[in-house]
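Both of the next two complexes hold chain A, though its partner changes from chain B to chain C.
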Partner chain A sequence: MTSTLAERQGVVPSSGGATPGRGRRKRRPLGRNPLGLLFSAPYLLFVLAIFAYPVGYAFWISFHDFFFAAPGAQVARPFVGFTNYVTALTDPAVLRSFANVGVFLVINVPLTVVFSLLLATALNKATRAVTFLRISYYVPYVTASIAVVAVWSFLFNGHGLVNSILGPLAPSPSWLINDHWAMPIIAFFVTWKQLGFYILLYLAALQNVPKELYESASTDGAGEARKFFSVTVPGVRTATVLVLLVSTVTGANLFTEPYLLTNGGGPDGASTSPVLIMYQKGIEQGQPDVAAAIGVVLVIAVLIIAFLQNRFAGGRD
Partner chain B sequence: MRRRTVLITAIVAAGAFALTACSGGGGSSGTSSQHGPITIWYSNNEQEVAWGKQMVASWNAAHPKEQVKGQEIPAGKTSEEVIGAAITAGNAPCLIYNTAPSAVGQFEKQGGLVDLSKISGASSYIQARSGKVAEQYKNTAGDYFQMPWKSNPVVIFYNKDMFKKAGLDPNNPKLSTYADFIATSKKLVAAGVAPNAILPAPTSEFFQSQFDFYPLYAAESGGKQIVANNKSTFADQDGYDVADFWATLYKDKLAGQEAYNGDAFADGKAAMAIVGPWAVAVYKGKVNWGSVPVPTKEAKPASDVWTFSDAKNIGLYSACKNQGTAWDVLKYSTSKAEDQKLLELTGQMPLRTDLATTYADYFKANPAYKAFGDQASRTVEVPPGPNTVEMLQAFRDAWSKSVIFGKQDTKAALDAAATKINTIAKQP
Partner chain C sequence: MAATRRRRGVNADSLPRSGRIARSVVLALGAVAFLFPFYYMLIGSLQTKLDSTTSGLLPNPANLSGTNYVQINDRINLFQGLLNSGIFTGGVLVCTMVFGLLVGYALAVLQWRGRGVTFALALLVQVVPFQLLIIPLYVLIARDYGLADNYLGMIIPFAINSTAVIIFRQYFLQLPKELFEAARIDGASELKLLWGIAIPLVRPALITVVLLTFIGPWNEFLWPFLITKNQALQPLAVSLANYITNVAATASNPFGSALAGAVVLAAPVVILFIVFQRYFISTDIGSSVKG
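Coming up: the complex of A and B.
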């Protein structure tokens, strides 16, 4: 906060008395803080082994006629260009799965941002039962999916609690076997289940919004709504970008819910997701090459969405 | 900064491709002359664990230098996924007594299975034990990459108490033809004895058609596989009739479109179930049941009715070093004596030609299993090959759309599925 313009622009002379300017800096192959590299090396290795290598391998697989084979088996894996991509992208089931996950993201991401911010703001102001409320919101997030899926299945099946309450207003066919409702129900389920995690992110961000800003806004006569939109929302923008990115990435990787809640992407493929199709193709049907092509397309799609989110929601931060 | 980014990218790329190049290396398989200790996996259900343990103990007592270590198959979404992963990792055991015929083609393509036909005397042993049924378990080249072991012929179970309550004769239920089956179903649901007359899983998994379409198609067609000589067979009048039968059950709300989380037959949510002999032990003391063969369009004598096998076989895996011992154990575990123990402990039918006569005493003492013993000689298996699962999934997708959810004409759906499957069947 007290830095000068010159400091912020990075033109302050170094303690060694060297002449300012990039051109005359001494070249250091390991950067200015080689010890930092040492400390970050374990995580870097982890990222390389667990993320970078599989991504690179999947990319390689997607351009070859590939299937999993026993060690030592003599297997030809010829380069096939874009054949696997053509196979994947001309399959109506694959295209539908991308459309389905699009519907999912359109419902899930905005709901996640809005509800987690509202609830975090409310929790931040709550004075009673704060711990109880925080735990309550967090419990679904840490509970095994299989357990909560069973509860939702009980709630939303044809003879479930929701339909009993709705009576004649219940949809027919019922929620989980209804073309129009299966994906929205999954989106609501995931929103509810993940909310606790995003609330925690927002709670942490809210601690960094200066109290003085609220006091100034109050002095200027701002009401609660005005303070929320003019102080809180801009104050947690960085967290909002993070929530947008994380919920989009996790949403695009949707698998467990269509696998369990709608029993394999039913009804009639209305809730299949690209990752579920990847599982079917890659693991069940022995076509990891086509599955890898779907995965690469998914990664590219998510990167584009993430770029747009960062571009339009991230602002100059 | 740019230099460093380029450097890091180059390291990542080099590492990735160097590691990629490692795949397929190492590992060695043994030969059929090698003997020594081996490991086997068997299914994790209570009855098969009991059989597996006694078989291993009995073998080990007589073969101190060729000890067998028996383990339950590790948990996973499905056994096939676990086995597929073990093959890729090179740590599959020597024998797996839970190898699904639908996955054998893929395992063979992966190089994970030993060609039993190349072991001296193996083909003749398999054919002598299983007879004509064994033909279905050859690959397209005529080789055995699996040992036919046991089947669970699929029949219709019905709840006698519910039938009685609905005013139906529980000892002679009218279930032999499609018309009778539908009429009986209507009476059961109308009487309110159960919300569903029958409730096969209406879900999208590739294997579910083995428990609705396939048994009835086998029965109607007199024992046809759904694909023969790389060409689908089911888009014929028999297939259309079976599809229309099930479509009527769904349309008239006699079968539910929604999966039930539990056992619908045991929980009284369905008056009938389509199951194999494993169900005898499961429903003992829970449901007062009776069984009949699956229905056909026109009534047929029970002795002419075919059904789906729901078999599980034995695979000898290529990661095995002591394949000589493995083959000996395989023969030992499928001997007349061990098959009898399998029958007694699990109620599942060994795939033997002489089942009814060899174990006549067992069937006399356990009449509930007699129909299954008779049915075991008329079972149909899934088509062989590396694309079986993809074909079954294509069929299931068409079935879901047309038969279960009624969004497409059943004939058009089967025709389209047949065209798609013909293409899949020709893939290497």
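Coming up: the complex of A and C.
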């Protein structure tokens, strides 16, 4: 640390101590404060080891015949082209899980956008009990999924509170073991659980909508509903794109809920998710190559959806 | 409605009476929808005998006891689970605070080559989907490095929270440059500047980051679930999930004991959040997500 002190103050040209071999074309090849690189080195190493390298490794695994071997053992992992992708995409269980996530997104994403914008707009103008409201809205988001999953399964089980209120109207078989209801219940659960985060995003965006727009809309005789649709909705469009993107990515990551709420994607695969299948295939059944291929396909699907969302909701800026 | 509006003037926040009532109703319904499951979690965890009828909504003193807590504690050691969650979360917090502050400071205050790239990486990392990382990280950490059933293996993938890095940078950017120039002329080292000047000035950001970073590992399920098979090392989220899937059915009040575990898992975060809720503000987190 002390050796770089002089360099930082610009007293002497950098000795290149932090990263040798970077060349010395200029007097200060690493900028005015080479110490910055040293300060950032742990983070850069972390990003490299935990994100960059594993992303590359995931692609590599998906194109090879990969299986778990004892640490240090030298085993052949031949290149197999698209075999793992074919295995994955011809498996009905995998296709089912992708369809399930499609159902999930179709329910979850619109509900998330509508409710979070509605509640954020109301909360933004609230004058009483604001702290209480904020706490209550964010509390599901900060709580562990496992903890709230326990309550939801208590509420929605065959003899649960929901069914005892509904009485004869309760679906049979009950919600979480009914193939028409299992996935929608998971979608409702995730909407409820994550809504606080999106309310937070919309609240930040609402601060940036110019007050004058509301005022001139009022002068033009616009009612509340009219102002909401002509001023608020376009005013927070950037946030909407972000909410769409984040909720889609979160949805594609679905694992805990089908694992616990519907007991491993039941009934009969009606609520499996791709990540759940990746866990079952990759780690339980020892086919990490096929699981990696599912992961790659899933990410590509998310990228396509995100691109389309950005294209159509991002609009004409 | 338009006529009322004009008479009231152009204050954007004033609403006709009916509108204000509608807004209050929406807000109140929202609060009930968000809070009710938590209330029900607490009530359910205290019921000696499960009562899922509508009368079970109100506490019945004859049916309240701590039996469920005792029962789940017999099967999974709640204290050990809390301790493991604490070690996992604490490790992530320490790494994020130490290395996150360093890189945040470097990004905001220091001029060095690679600064732009590093900031771009911190943004990019937030959109790398975890699905893609599960298999390679499992292969690397659990198999190649042999860090399964190890606190280090739990901590590593979450060690430095990139959102924290971006929040730190944001706050350090707001500090006046002259402050640092003056101290530098006096011969203070950068570490001293960071510790003595920059950090004390961004104290609210520290609390926001601690809160935000805390909920990640404390609530994380998938990763510790994948790499801890040894029950003595499992964070509470994992041991509770295993209890729900494998053991609960054999308990006399399976839902009650699961809910008792849920209360123990949820309580630390909820309490922390209520105490520090004013630091959990939209502008910080919103701006950091948007970059």
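One rule holds for everything that comes next: the second predicted complex is superposed on the first by the 266 of 317 C-alpha atoms of A that agree within 3 Å, B and C clash if a C-alpha of one lies under 4 Å from a C-alpha of the other, contacts with A are read in each partner's own complex, and residues count from 1 in each chain.
By definition in this document, a contact is a pair of C-beta atoms (placed from the backbone, for glycine too) under 8 Å apart; a residue touches a chain by one contact, two chains touch by 3 or more.
It should be emphasised that the depicted structure is a prediction, and the values quoted were computed from it without experimental measurement.
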Determine, for the superposed arrangement built on chain A, whether chain B and chain C clash or fit. clash
Applying the document's definition of touch, where does A:131 land relative to chain B and chain C: first, second, both, or neither? second
Is A:67 contacted by the first partner chain B, the second partner chain C, both or neither? first
Counting only touches as set out at the top, which of chain B and chain C does A:269 meet: first, second, both, neither? first
Check whether A:280 is in contact with chain B, with chain C, with both or with neither, and answer first, second, both or neither. first
Tell me which partner A:75 touches in the superposition: chain B (first), chain C (second), both or neither. first
Which partner chains sit in contact with A:198 here, chain B, chain C, both or neither? Use first/second/both/neither. neither
Could you tell me if A:139 is touching chain B, chain C, both of them or neither one (first, second, both, neither)? second
On the A-aligned overlay, A:174 touches which partner chain: chain B = first, chain C = second, or both, or neither? first
So which one touches more of the residues on chain A, chain B or chain C? C
Now for A:37: first (chain B), second (chain C), both, or neither, which partner does it touch? second
Clash-wise, after the superposition, say which stretch of chain B runs into chain C: 205-213, 259-267 or 349-357. 259-267
Do any residues of chain A touch both chain B and chain C, and if so, which are they? 31, 53, 55, 57, 68-69, 71, 150, 153-154, 157, 159, 263-264, 283
Quick one: which bits of chain C touch chain A in the complex? Just the residue numbers, please. 1-2, 5-6, 10, 12-13, 15, 19, 23-24, 26-27, 30-31, 33-35, 37-38, 40-41, 44, 52-54, 56-57, 99-100, 102-103, 105-107, 110-115, 118, 121-122, 125, 127-140, 143-144, 146, 156-157, 159-160, 162, 165, 184, 189-191, 215, 218-219, 221-222, 226, 237, 240-241, 244-245, 255, 258-259, 261-263, 265-266, 269-270, 273-274, 277-278, 280, 282-283, 285-287, 289-290
Write out the stretch or stretches of chain A touching chain C in their complex. 1, 5, 8-9, 29-37, 39-40, 42-44, 46-47, 50-51, 53-55, 57-58, 61, 66, 68-69, 71, 118-119, 122-123, 125-126, 131-140, 142-155, 157, 159-161, 164-165, 192, 195-196, 200-201, 203-205, 207, 211, 214-215, 218-219, 221-224, 238-239, 242, 246, 249, 252-253, 255-256, 259-260, 263-264, 274-275, 278-279, 282-283, 288, 291-292, 295-296, 298-299, 302
Touching chain A in the complex: which residues of chain B? 4, 12-13, 15-17, 19-20, 24-29, 80-81, 84, 87-90, 92, 106, 109-112, 195, 201-206, 256-259, 261, 318-319, 386-387, 389-390, 393, 397, 400-401, 404-405, 407
Spell out the residues on chain A that touch chain B in their complex, using ranges where they run on. 31, 48, 52-53, 55-57, 60, 67-75, 93, 150, 153-154, 157-159, 173-174, 176-177, 263-269, 280, 283-287
